[in-house]
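Here it is, the structure, as C-alpha cells.
A, B, C, D and E label the chains in the order they appear, each numbered from 1.
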Amino acid sequence: MPTVAELAAKQLTPGSRAAAASGATVITARNLDLTFQTNDGPIHALKNVDLDIGKGEFVSFIGPSGCGKTTFLRCIAGLETPTAGDISVNGMTPDEARRARAYGYVFQAAGLYPWRTIGGNIRLPLEIMGFDKAEQAKRIERVLDLVDLNGFDRKFPWQLSGGMQQRASIARALAFDADILLMDEPFGALDEIVRDHLNEQLLKLWARTEKTIGFVTHSIPEAVYLSTKIVVMSPRPGRISDVIDSPLPRERPLEIRDSPEFIEIAHRVRDGLRAGHSDDV
Amino acid sequence: MPTVAELAAKQLTPGSRAAAASGATVITARNLDLTFQTNDGPIHALKNVDLDIGKGEFVSFIGPSGCGKTTFLRCIAGLETPTAGDISVNGMTPDEARRARAYGYVFQAAGLYPWRTIGGNIRLPLEIMGFDKAEQAKRIERVLDLVDLNGFDRKFPWQLSGGMQQRASIARALAFDADILLMDEPFGALDEIVRDHLNEQLLKLWARTEKTIGFVTHSIPEAVYLSTKIVVMSPRPGRISDVIDSPLPRERPLEIRDSPEFIEIAHRVRDGLRAGHSDDV
Amino acid sequence: DEANEVTLQLQWVTQAQFAGYYVALDKGFYEAEGLDVTVLAGGPDIAPPQVLAGGGADAMLNWMPSALAAREKGLPVVNIAQPYKTSGLMLTCWKDTGITSVEDFKGRTIGVWFFGNEYPFLSWMSQEGISTDGGEDGVTVLKQGFNVDPLLNREADCISTMTYNEYGQVLDAGVNPEELITFKYEEQGVATLEDGIYVLEDNLDDPVFVDKMVRFVRASMEGWKYAEANPEEAANIVLDNDETGAQNEAAQVRMMTEVGKLTAGSNGALDVADYERTVATLLAGGSDPVISMEPEGAWTHAITDAALN
Amino acid sequence: MKSILPVLTVISAILLFWVVCVPPMNMHLVADQAQRDDLVVTPDTPAARQEFSGAGLALRNAHLIPLTYTFVRPRLPSPHQVAGEMYRTIIGQKITSKRSLVYHGWVTLAPTLLGFLIGTSLGILLAVGIVYSRVMDKSVMPWAIVSQTIPILALAPMIIVVLGSMGIQGLFPKSIIAAYLSFFPVVVGMVKGLRSPDAMQLDLLRTYNASKSQGFWALRLPASAPYLFASLKIGISASLVGTIVAELPTGAKAGFGARMLVGDQYGQPLVSWAALFAAALTAAALVGLFSVIERITLKRMGMAAT
Amino acid sequence: MIILYAIAIWAAGWWLNVKLAKGAQSDHPIVKILIPAIFGITVILVWELLVRGFDVNPVILPAPSSIGARLLVEGPRLWADFHQTIIKGAMTGYVIGGIAAFGVAVLADRSDFLTRGILPVGGFMAALPIVGTAPIFVKWLGSDWESKAAVVAVMVFFPILVNTVAGLKDTSAMQRDLMRTYGAGYWPTLFKLRLPAAMPFIFNGLKIATTLALIGAIVAEFFGSPTVGMGFRISTSFGQLALDMVWAEIVVAALAGSAFYGAMTLIEKRMTFWHPSQR
C-alpha cells in the first residue's frame, strides 16, 4: 500500500493548485439562519452557520438526512433566502451573483429536460444567456469532450445510462463560465465503480480549471477523497459540527483511499457524523 | 484496530450459526441462461450462471449496473423464467417454492402501499396467505418489534422517514415464515450512517433466525461486512466472475471494517468488479 | 287491460293545440267510455310515426303530409279521424321588407320547420316555381328552431308560424299586427291537413282495437267540442297538465280560441275532399314531390262512422 | 376556502363584462319597442337601424340604455333579471310546485343519478375487463372512443323509441343516455388507475403468490382510487348533461331541459336562462360533493398527504 | 335460431380476436388495427342478421347494408354536410376555443390567485348543457356555422384550459430551480421549460376536445341551421323516417371523429415523443 508520502512525491505540479486554494475567499456565510414555515409548524433548517470558502477550494458537505446540506447549497445559489445572517458571494448577494451567472449547479438527479437532446440540454443555459450560435456549438463540443460524451449530442436523455446522464448534467453546468460549481449529491444514484470513475474525472476537471466547488455527499470515502475541506453537519436544527481541512495531497490516485492518512480522516468524519446522528434514523 | 482473531475470540456462540451455514444447499442454479426479447433486439441478461447457496448462508451479489443481479434474484423467486438451465429451490421449481411461500422479497425501494398503514402493509401478505386475525396481530407486533418500529403501526408510509420505511418493508418480508429472504439493494437510497445502523440490525436478525439471505448491493463495504459469500458479477452478458467465501467471523462489530482482513477482501471484490466493468460506464 | 288502454302520442309539448284530448281526459269522457288513456307529450326530437312503429303508442297525431310520406316509406299508417278541419299554418313576414305577394319571396330568407313539417312549404314553392336553394330567383331556407327569434332579429324576412301559437309569440314580443304581413296556406290553396289521428293499418284488423278506437275518437271529439265551447276552462285544463310550469294562461286561452276556429268545421270524420286536395298538393311537388303516387288505404271512415252514430 | 376571494374576483369581472354587453346586445329590440311606445329613436326605421351595430345604436340612443336592462324579452338578460328569476323559481315557490326549479331539478337529478350509477358500474366493469383481458383491451377500447364521436342527441330518440317499444318509459330511458355519456370518462380513468401500480407493487404480490382477485382488491382497486374520483367528477357532470339532452326526445315534460326548451319556445328567455344556470349550479354542487367524498376517502386511505 | 346464428358469429369473431391478441404478432401495427376491425365487423354482421332475421322495421333500425347503400349513393350530399358542420363549424370552433383556452391558461398560470379564480368558474361554464347554450348562440350569431363554432368553442374551452393549466404546473422543483440558477426570467422559463413540459397535458385536453367539438357542432344545428349540415340532415331525415340516412351521417360523424382523434394522437406522438407514455 502506498503511503501518503510516496503519493505526495509523485505529485508533479503542486504549486499551481496550492496558489489557487490560498486565494481570496469567494463565499462568506455569517451566522446564517433559515426556518421553513410548514403546516406542522416551523422547521429550523439552518442555525448559526458560519463558513468561508476560498477561491479554488473543493468543499464537501456531509451529514445525516435532513441536516440542511441542500438548504445551505441553495442559500449559496440564491435559491433560498436565509431568515437571518449574511451570505456574500464574491462580495455580492447570492441573487446578484446568480444574475452575474456565477453558478453552475448540478442537482442530485441529472434533471435533463427529456424533450431536448443531450446537446440541446447543454445548449439550454447558453441560449438563455444569449451566446451566439457558433459559440454555442463550440462550447457544447468542448464540454461534451470534457465529460467523455462526444458523439452523444443528438441522443435523448433516456437513451443514455444513468451515469452518462449525470455526466451530461455536469457538462451542462460547465458549458458557461461559472466560477462556482455547486453539486448536490451528483453521484448518489450510481454504483461504486462508476462513482469512482466520475470522482477521478471530477478531480481532473477541478485541476484543469480554477473553479470553486461545493459538493454534497452521503459517502464518507467520497468526501475524503475529493475535498480540500470537509464540512460535517448535524441536524435539528441544521448546523455545522466540524470543519476538517484535508492534509491529503492534491493529486490523488484511487489507491490513496487505502492509505492510513485517508482512513484517519475518514474516521474523524465518521465520528463527527455519528455524534450528530440521533438514533431515530 | 481489532484484528480478526481478536474479534473471533469475542464470538460466543459460533457453533449454532456455523452448523446452519454448513447445512444442505437450498438454492441450486445450473447453467442458467436468460435472454430478454426487446424491440432493440435480444438482451443476454444471464449467461452460464452456476451457483449453490447453502441453508443459512448470507450471499451478497455485487456488480456493475445491468449485470443481471436483479434478474438472478428474480429467477430465484420465480418472477422471471430462465430461457435455459436449471434452478431449484429446496428441490422444487421456484414457482412451486413460491406457492409454498418460501420467499420474503425486499425490493430496492421500500414499495409500501401508500393507502395502507405500516401495520396494514405488514398485514398484506398475512391476509393473502390466510392467517387468522389474532395471528395477524401477533405477527405484526412481533416483526414491528424486530425492526424497532413499535408504536408506528397506525402511521402511513409518508409519515415515516426513508429509513423507517425501509425497515417496515423488511418487517413485511419477515412477517410470514419464509425460509429465504431476497433483498434487492434494500439500503440503496439511505445515507451511510442509517445504512450502517440497518446493516447491524440485519446481521442481528440473521443471527436470531435461520434464514438464507440473498442480498444485492452496490457497496463493496456493505457486501463484505454482511456476507458469508460474495458473488461478483459482470455484464454483457451477465455472468458470475468471482465467488468469494468470507473468512470473517460471524459476529461483526462495525469496526471490523477497518481491519486489514476486511480491506483485503474489499480489495479482491473491487478488483473483480473493475475487471468486469467495461469503461463505457 | 289491453282492451281499454290507449296511448296517444302528441307531436309537440303540452299546449292548447291538443286541448280536446286533455279535456276528454280531465272531464272523464274517456273514463265514461271505459278507457284508460295515456297522453304522451311530444318534443323536438319525437317522430310520432316512429313511436307508433316501435309500439310505444296506439295512436298518434300527425300532419297528413308527414303521415303519407311515412306510408310511402313503408310504415302503413291510416287516418282514422280528423278533428282539425282547417290548416293553421302560415308564413309571417315583416311588412317593411316590401313583401306583398308570393312573387316577392324571391331572394328572401324564409324560416321553415323541418322534421317532416317542411313538406307543405316545399310543395307550395314548387307549385309556384320558386327554387328553395337560394339565389336571386329562389328563396334561402333556414331551418327554423323552436322560437320566433329569426324574425325578431331580422335574420329571416319570413318565418313559419301557426295561427294559434308562433304568430301570437310574435305579437307578444311587442310587434303590432300592422307591421306584419301573413300568408296562410289555406288562402294560398296549398293547405294540407294537420293534426289527424293515425293508427297502424294492421291493428285495424283487430276488432278489439277497432272498438277501442271507436270509443277513443268519440270521447276525443266530445272533448274537442267541449273545448271549443269553453276555451278558458279548456286552457286551464291544459295548464294543469303542463308539467313544465312555464306556460301562461293568457297565451293558452288565446291559443285555444284560435284552435277552436280550426277544429270548428270538423265533427271528427275526414272530409274526403280535403284529403284529395292535400294529396294533390303533395303530388304536385314538381321535380321532387313529397309523395310519388296516389296513396291507397291511407284513411278510413270505419272508426268515425261507428263513433259518430 | 382560500379560493373564495379569487373566485369572487373572477365572477365580478365576468359580471362586469356581462353588464357592459347588455345594452348593445338588446338595443335593436329595445329600440323597436321604444318606437312602438312613441319614444324618440334614431334612426327611426327598423330597417335603417339594421345598418348599425348594437354598440353604435346604443351610443346614439343613450336614453334607451336603462331599458335594455329591464327588457322582458332580451337577447341577453341582465344578471339581475336572471338572479330575480332564479330567486322566484327556487326560493319563491313551494318545492312541489311545477313552477319551482327545485322540483324540476329533482326531475332531472333522479335520472342523472341512476344513469351515473349505471354508467359508472359499466365503466368500471369495462375497465376491469380491459385491464384483465388482452382481447378486450385491443378490441373494445377503440370502439369506446368511436362511441363518443356519435352525436348523442341523434341517437337519443332512437334509444327512447326502442326502449319505449319494450314498454320502458319514464326515468330509465333518460338514465341510459346519461349512462352513455358518463361511462367513457370512467373507463378511461379506471383503465389508467387500475394500471397505475408499478411493476414492483405487482411483483410483491407475485412473491406472495396472490390470486388475481386478491391482486385486484389489495392493489389495483385501492391504487386506482385517485383516478376513480377524477373520473367520477367528470362523469357526474356528463351524466347531468345527458339527462338534460334526453329530456327533449322523451317528451319535454319536466326537468331543466324541458324548462329550457319551453322557455325558448314561448318567448320567455328568463325561464331558459334560469334553468341553464340552475343546471350548471347543480353540476357544480354534485362535483363539489364528490370532491368532499374524495378528500375524506383519500384522507382515510392516507393518500391525501400533500 | 337467428339468435343462435348471432351467437355463433359473435363467438367466431371473439375466438379470432383471442387468437390474434394472444398470438406472437399481437403488437404488430396491422394486428392492432385488425382486432378492433374484426370486433366491428362482428358487430355489423350480428346487427344485419338480427335486423333481417327479426324483420325489424327500417323505420326503427335500418340494416347496415342499407346504411352502406346510402353512404355510396349520397356521397356529394354527405360531403356538403361534412363541409358545413365539421370544416366550418367544428374546426373553427375548435381552433378558437383552443387558442382562447390556451391564452387564458397562460394568463392564469402567472398567478396562483387567477388560477384559483378561473378554474372553478371555468368548471361552472363547462357544466352549462349544450341544450341550453345552443339556442342562445343561434339567437346571437344566427343560424349559420358561426353559432356552431361558438358552441364548439365554449365546449372545448374547459378541457383544454384545465389540462393546459395542469401541464404548465407539471414541472419539478428541480427543473424550475435549474432555470433560476441561470437567472432566467418569465419568458425563457415559459418557452423553454413550462410549455414543453405541458405538452402531454395539452394534448390530453386537445384529444378530449375533438369528440366534444364534433358533437357540439352537430347538436347545435338542431336549434336552427341552414338547409345543409350533418345535424340538419340527421334531424330532418329522422323526421322523414329516413333512418338509413340518419345512420349514414352518424357513420360519417364517427369516422370524422375517429380520424380527428387519431390525427391528434399522431401529432401528440410526434410532439411528445420524449414522454415515457410514448416510449
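Here is the rule we use: contacts are C-beta pairs under 8 Å (C-beta built on N, C-alpha and C of every residue); 3 or more make two chains touch, one makes a residue touch a chain.
Bear in mind that the values here come from a model prediction, so they are computed numbers and not experimental data.
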item: Joint neighbours of chain C and chain A, given as chain labels; value: E
item: Interface ranked first by C-beta contact pairs; value: D-E
item: Taking each chain's C-alpha mean as its centre, the one farthest from chain A; value: C
item: Chain closest to the middle, measuring from C-alpha centroids that were averaged per chain; value: E
item: Between chain E and chain A, distance of the C-alpha-averaged centres to the nearest whole Å; value: 51
item: Separation of chain D from chain E, taking each centre as the mean of its C-alpha atoms, in whole Å; value: 18
item: Rounded Å distance, chain B centre to chain C centre (Cα mean); value: 85
item: Length of the line joining the C-alpha centres of chain C and chain E, rounded to whole Å; value: 38
item: Where chain B touches two or more other chains, by residue; value: none
item: Contacts with two or more other chains, residues of chain D listed in rising order; value: 75, 153, 157-158, 161-162, 165, 248, 261, 264
item: Where chain E touches two or more other chains, by residue; value: 60, 135, 139, 222, 235, 238
item: Chains touching one another, given as label pairs in label order; value: A-B, A-E, B-D, C-D, C-E, D-E
item: Interface residues, chain E side, partner chain A - complex; value: 172, 174-175, 177-184, 188, 192-193, 196-197, 199, 272, 274-276, 279
item: In the complex, chain A residues that touch chain B; value: 64-66, 161-164, 167, 190-194, 197-198, 218-220, 258, 263, 267, 273-274, 277, 279-281
item: Complex contacts: residues of chain E adjacent to chain D; value: 14, 17-18, 20-22, 26, 32, 35-36, 38-40, 43, 60-61, 113-118, 120-121, 123-133, 135-136, 139-140, 210-211, 214-215, 218-219, 222, 230-231, 234-235, 238, 243, 246, 249-250, 253-254, 256-258, 260-261
item: Parts of chain D lying in touch with chain E, wherever the complex brings them together; value: 2-3, 5-11, 14, 25, 75-76, 134-135, 137-143, 145-146, 148-155, 157-158, 161-162, 165, 237, 240-241, 244-245, 247-248, 256-257, 260-261, 264, 272, 275-276, 279-281, 283-284, 287
item: Parts of chain D lying in touch with chain B, wherever the complex brings them together; value: 200-201, 203-210, 214, 218-219, 222-223, 225, 301-303, 305
